[in-house]
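For reference, chains read A, B, C, D, E and F in written order, and residue numbers begin at 1 within each chain.
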Amino acid sequence: MSLSRILIEPVVREALLEDLGRAGDITTDAIIPAGTRMSAAIVARKAGRLAGIDVAALAFELLDPAVGIDVLRTDGADVAAGETVLTVDGTARAILSAERTALNFLCRLSGIATATRTLVEIVHGTGVAIACTRKTTPNLRVLEKYAVRAGGGKNHRFGLDDAVLIKDNHIAAAGGVRVAIERARAGVGHLVKIEIEVDDLAQLREVLETGGVDAVLLDNMSPAQLREAVGMAKGRLVLEASGSLTPEKLREIAETGIDVASSGWITHSAPALDFGLDFRS
Amino acid sequence: MSLSRILIEPVVREALLEDLGRAGDITTDAIIPAGTRMSAAIVARKAGRLAGIDVAALAFELLDPAVGIDVLRTDGADVAAGETVLTVDGTARAILSAERTALNFLCRLSGIATATRTLVEIVHGTGVAIACTRKTTPNLRVLEKYAVRAGGGKNHRFGLDDAVLIKDNHIAAAGGVRVAIERARAGVGHLVKIEIEVDDLAQLREVLETGGVDAVLLDNMSPAQLREAVGMAKGRLVLEASGSLTPEKLREIAETGIDVASSGWITHSAPALDFGLDFRS
Amino acid sequence: MSLSRILIEPVVREALLEDLGRAGDITTDAIIPAGTRMSAAIVARKAGRLAGIDVAALAFELLDPAVGIDVLRTDGADVAAGETVLTVDGTARAILSAERTALNFLCRLSGIATATRTLVEIVHGTGVAIACTRKTTPNLRVLEKYAVRAGGGKNHRFGLDDAVLIKDNHIAAAGGVRVAIERARAGVGHLVKIEIEVDDLAQLREVLETGGVDAVLLDNMSPAQLREAVGMAKGRLVLEASGSLTPEKLREIAETGIDVASSGWITHSAPALDFGLDFRS
Amino acid sequence: MSLSRILIEPVVREALLEDLGRAGDITTDAIIPAGTRMSAAIVARKAGRLAGIDVAALAFELLDPAVGIDVLRTDGADVAAGETVLTVDGTARAILSAERTALNFLCRLSGIATATRTLVEIVHGTGVAIACTRKTTPNLRVLEKYAVRAGGGKNHRFGLDDAVLIKDNHIAAAGGVRVAIERARAGVGHLVKIEIEVDDLAQLREVLETGGVDAVLLDNMSPAQLREAVGMAKGRLVLEASGSLTPEKLREIAETGIDVASSGWITHSAPALDFGLDFRS
Amino acid sequence: MSLSRILIEPVVREALLEDLGRAGDITTDAIIPAGTRMSAAIVARKAGRLAGIDVAALAFELLDPAVGIDVLRTDGADVAAGETVLTVDGTARAILSAERTALNFLCRLSGIATATRTLVEIVHGTGVAIACTRKTTPNLRVLEKYAVRAGGGKNHRFGLDDAVLIKDNHIAAAGGVRVAIERARAGVGHLVKIEIEVDDLAQLREVLETGGVDAVLLDNMSPAQLREAVGMAKGRLVLEASGSLTPEKLREIAETGIDVASSGWITHSAPALDFGLDFRS
Amino acid sequence: MSLSRILIEPVVREALLEDLGRAGDITTDAIIPAGTRMSAAIVARKAGRLAGIDVAALAFELLDPAVGIDVLRTDGADVAAGETVLTVDGTARAILSAERTALNFLCRLSGIATATRTLVEIVHGTGVAIACTRKTTPNLRVLEKYAVRAGGGKNHRFGLDDAVLIKDNHIAAAGGVRVAIERARAGVGHLVKIEIEVDDLAQLREVLETGGVDAVLLDNMSPAQLREAVGMAKGRLVLEASGSLTPEKLREIAETGIDVASSGWITHSAPALDFGLDFRS
């Protein structure tokens, strides 16, 4: 797994500049002579799923293009506590100045991948996909959606423009499910999918009768309702369940026959996975 | 509390554009007529400490400068579950298209403020300040440090350039505590503070003998060690304790007489505080 | 029809600065006193379909926020030669300096809308949609895709990331149609459509047997082949015909029963529609 | 012929990012393994004048700095249908993801060069130069003016700031030709040329009497009028004819003795020249 | 005199953000309550020529759009020591935070205008124009060239692209004056002027024989040589003298009959003109 | 001495683009063939302190990454008139096009370093540090503060956010010295220093009684007052003198026992140090 460098370089460069500020790393510049070289390793402090190793590597490269980097584990790998995932050799100044930025990316993205993996494991064997939402950190969506994939999850919409998602207010403003769907269908091209959020099974019935929809978001429904929805839909469209899901509840929901369970928690509240930089010699 | 608009507008604008993508909100544009007006409220789903209300308001304003916004609670306030913190009136398109961006900022920043407040309450009465670290989300540091202040915490360095923090590697590269401090002192102006991280009390002693330092970071020390450090320092410099702190451990540490306890957790792993947008009429 | 200002302002601002260069409009600044006011009208020199009127208006507003603009015809309207589509009152300097930028946008976008309308009229009554491609002017895709919609056309993918389009090389690299489709299906979420390009009907058969595809791009096929493809597909997926289409050929193709005909010509080679700025008083 | 890389890299990078969007080339990333290598050639589908070959090459390089590129024909060359102009070897992902962006630049710029060459050939032997205008695509002026030069044409002003062009409205606002010229002359330095647009020969006479002007734009004049203008000017200043010029009319005008004929059509309405990317083994 | 806001806002905004850094004006934010209002005046501490008053005003406006500003003297005016040039009323925070940025622009630009005025006065009555060079502060050229105009000077080239200036190395690389001029003439359009630098009168003779040149730069010539050059040129092209000019030498040179004297000193070494912000009530 | 490339590349790139404009170096492109190579040297025309040599080198590298550069003297060195500080070999076009930008940086920064060195020499032996202010050129502060260090000076605040500086207006708005200091102390973290400006010794006494302050700015005080201030402060905080300082006055002030003397002149009015580019063979 990896992301094209042209997509991630701007955000990594901006993060380095955020940390360097106007005057740069005044501690390192004052104490460490320019020519000093150093060898270091990024080590997992806890076990989890890796995501962002190339992003971390890029932080060092942007400060010292001549740095030598050895990526030992790639994104999507499960790492053990104490495991080295990357080694870096180069000027001490570049390594010390990039350290925090590299780790901030790696810890956050691996935290998301690890949280996603946890949910994926809960639904293991049911055929249900775990999907993320748009509840991501502002201006880091590309990286966080990537981390979800590294955790074994699937991506929902990347934004407001790549798929239609009709919600309550759209239905209310349109004056009903049918009109809302028709307007959406007329407004977009043949390569845009349409999903609609429904609150109850009566709305689901209306959606099924109207047609022209690719997926339905069943918000906060009970396992019993979800099971009934599966029976009604008969595989004609994708069924997605959402809502605050505890582990036990998630497994029960996954066994109802729905296709996708989506979670905002994996991006907005996943705790960071701890990594550190250990220096050698 | 508030942040200057010139500082936050670029990040909010970038976040809106991240969500709008190339084609904009295709669902809303297809279904909601341009002239439709709407009234809505941001409501806390859980109790916590508010941060980011002006950022959320700005998201709506950037999509519709004529929007009417009423900020009911300001940053730093404690809000109850169900409490309305902001109302917005304007074009339905602008409100619906800005909704997720506004909430993403508000939930994350209030999550940080709430986590900070929790730690601040634990140390209540000890005189110890809770400080953040540089373990922040890439490119959101200004906002996250602000949220820490909204939670009652204090800010540590904003970056590598506004204070000196001498760590193991700097000491090792310099060949000792004394040389490292002297190089740092010689390298910066009279308005830059110098902090040094020490691993044991012998190092602390060397620091005290050398002088020229404003603060010491005591990493992962036991309450007993911290107490001894307090006795050694005799108020001549600021003592900061850091390390993974459980609530019980934090209280015990705070009672040792140190000045500052710093936590990465309040920024890198604080769960989001849940807010939603409720539509009216 | 309209585009959100937050999406178009950066490109209009950049275009004004491209024309103003370093020193600004040296002719106007030297000759016209700062306070001079002017009234002018944008007039169609030829008949066609309007697109970009808000973009043109924004060019004037960005140079003089106090300018008075009256938009007489909105995007998507058919205008006659000699028809006034917008009037503007304000400082003469702002109007003269923004004139060329405003017209450059309007002429290009209306040219695309007009070309699209021509194709839409040719297929009138067949139920076929005219779609654009990614053969757009670099860095103007959002505006050009919008102009296609103003011309009555539909948008194909906005980029490489909002839908899957499997081509020859993907099939060859994967080792066959089935593997390519399976990899694509596994790689994307449930809100991403998949289209595949086929060269002959044997490939189409393989696609139909494999399933999991939303649309097929039939490249450079004869009407007879297209008709046969329609019979094979039986409405199970969207059929899109592409290739250099003359008007006669387009009508014949549209009558085969396919769903979409896509054209690069409407964006990469549509001649500009001529508009001018007439000054009054 | 070539353009400095520092000038074109930003626009090519922006165009790649426009196409890659947030998630990148999801088709290629899902189907083509990261290590797969590929060899391909850009081939002219029609005969014409080449422009933009370095721009196309840069698109590939920006996605894969290690790509091997062989530029077989340089800008300004006349290419035959079927002729290979560039070969590229590198990672299949980079080549496939950059393909459309590379071709979009090359087809547009070569279209402009080809259109320019057509006009240049029409005036062959008359000594008349074909010049472009400011009727260029927003934010692509540098590249389009370069393509005009590749087609054998000359550049008119690059913007509002590098030469003075006095038009009707300037004359009207100033209260006459003489005042307008005097204000312009007083307002600019000794390295800025002044051109003035005249509607009839009486105005030309006034210009000649006033002096201080380097060139005159004779708008929409008949060959007879132009011939008379040539007689009046006696080589004391540059005479430029403009207006919608058909090929026959252009030749006739070129034979009147004027110096420059300018055309907006070569930039605003030139059809793209077709190029394709052919893959090899 | 004034500059279009669209040209100067980016540089003023960038300068404010440079001063505000990440955390903003921490002194003012801590001490001055948000609602406090203030009245202040920008006062000249020394006499000189004013330039940049609108730039200074914009600094305040960007921090507080509701600020009330009264511009008492406009650019190009001669101000006395102690004279108030601008008053500002608004939030104390905005005024205090923008103060330094506003003054930094005003002092520098007025310093340049004042230095220019000094040279202009020295050559008074000779008809010689004082021109600037490209020896300007990086990224402030537009503003500094504007300040030269405010000082009564004229602008030389704004960059490498708006006029040709042939120097020694160009002549050497071309193999002679004639070839260099011919290549330049062939390479640019009819609205670009050509100047050539000559070291001695023999070269000037060659230039005059070749023709096709608009101006000649006579570098470091004595008054006697300049006088001879004037005799040779007979008004057929513009003669510009350059070189480090003391006041006495400048007057003597101006009296030789040349047209333009250019000075790098007025931009690269002009001392700032002192202004301060005085607070009232 | 050196600055991290990631910090200076954006400003150097922007400066090159400012000079290249839209069309690039039209003189060089027209006259010098693309393949021509050249060798040149940057030579000091006057003696002074060097600053910005890496910035100058970067200007050449950004136009031709293959250029060969030999830096003969590093920043902070004292150079003699006629001394070569850098040689460059590469394409003639790159060298000629970057020449002015490279020199503009070098002359300005070396001018600042030289001015700083002059003041440093005046106070030699007194133990007083020469510090800069925030009176820097807009958007060049990082480079100018670096040049001050190259001249042997120390940096004052980099902006409004890295240290507290309490001035008259803050004291007035707070209602007194004590309140102002208390608010500042409460508003910032433990790594931020606080300085306060005082007008007389009574204020200094109040500051000393209040405590909690790291430094005091003594504005425009006489040597006698300064001496008294030194006696009052007894080394408990840093004493900084400021005000327009002539050389004689500066020495006298430095001998009073204060710690720091700050000067705006070294950044806002230092004359450029002259360097030229000499071509070889």
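By our rule, a residue touches a chain if its C-beta (ideal position, glycine included) is under 8 Å from a C-beta of that chain, and two chains touch if they have at least 3 such contacts.
None of these values were measured; they are calculated from a predicted model.
Chains that touch both chain A and chain E are the following: B, C, D, F.
Hopping across touching chains, the smallest step count from chain B to chain E is 1. For the self-contact between chain E and chain F, the two sides draw on mostly identical residue numbers; the shared fraction is above half. Chain B and chain C have Cα centroids lying 44 Å from one another.
Rounded to whole angstrom, the centroid-to-centroid distance between chain B and chain F, based on C-alpha atoms, equals 32 Å.
Of all residues in chain E, those that touch two or more other chains are 18, 20-25, 97, 141, 155, 158-159, 161-162, 188, 192. Taken as a graph of touching chains, this assembly is fully connected, with contact between every pair of chains. Interface residues of chain D, counted against chain C in their complex, comprise 11-12, 14-15, 18-33, 36, 38, 92, 96-97, 100-101, 103-105, 107-108, 111, 134-141, 158-162, 164-170, 172-174, 180, 183-184, 186-188, 192, 268-269, 271-272, 279. Of all residues in chain C, those touching chain A in their complex are 129, 131, 154-158, 161-163, 188-193, 195, 214-215, 238, 240, 259-260. Against chain E, in their complex, chain B makes its touches with residues 2-4, 6-7, 141-142, 145, 155, 158-159, 162. Chain C meets chain E in the complex at residues 13, 16-17, 20-25, 34, 62-63, 97. Put simply, chain F touches chain C in their complex at residues 18, 21-22.
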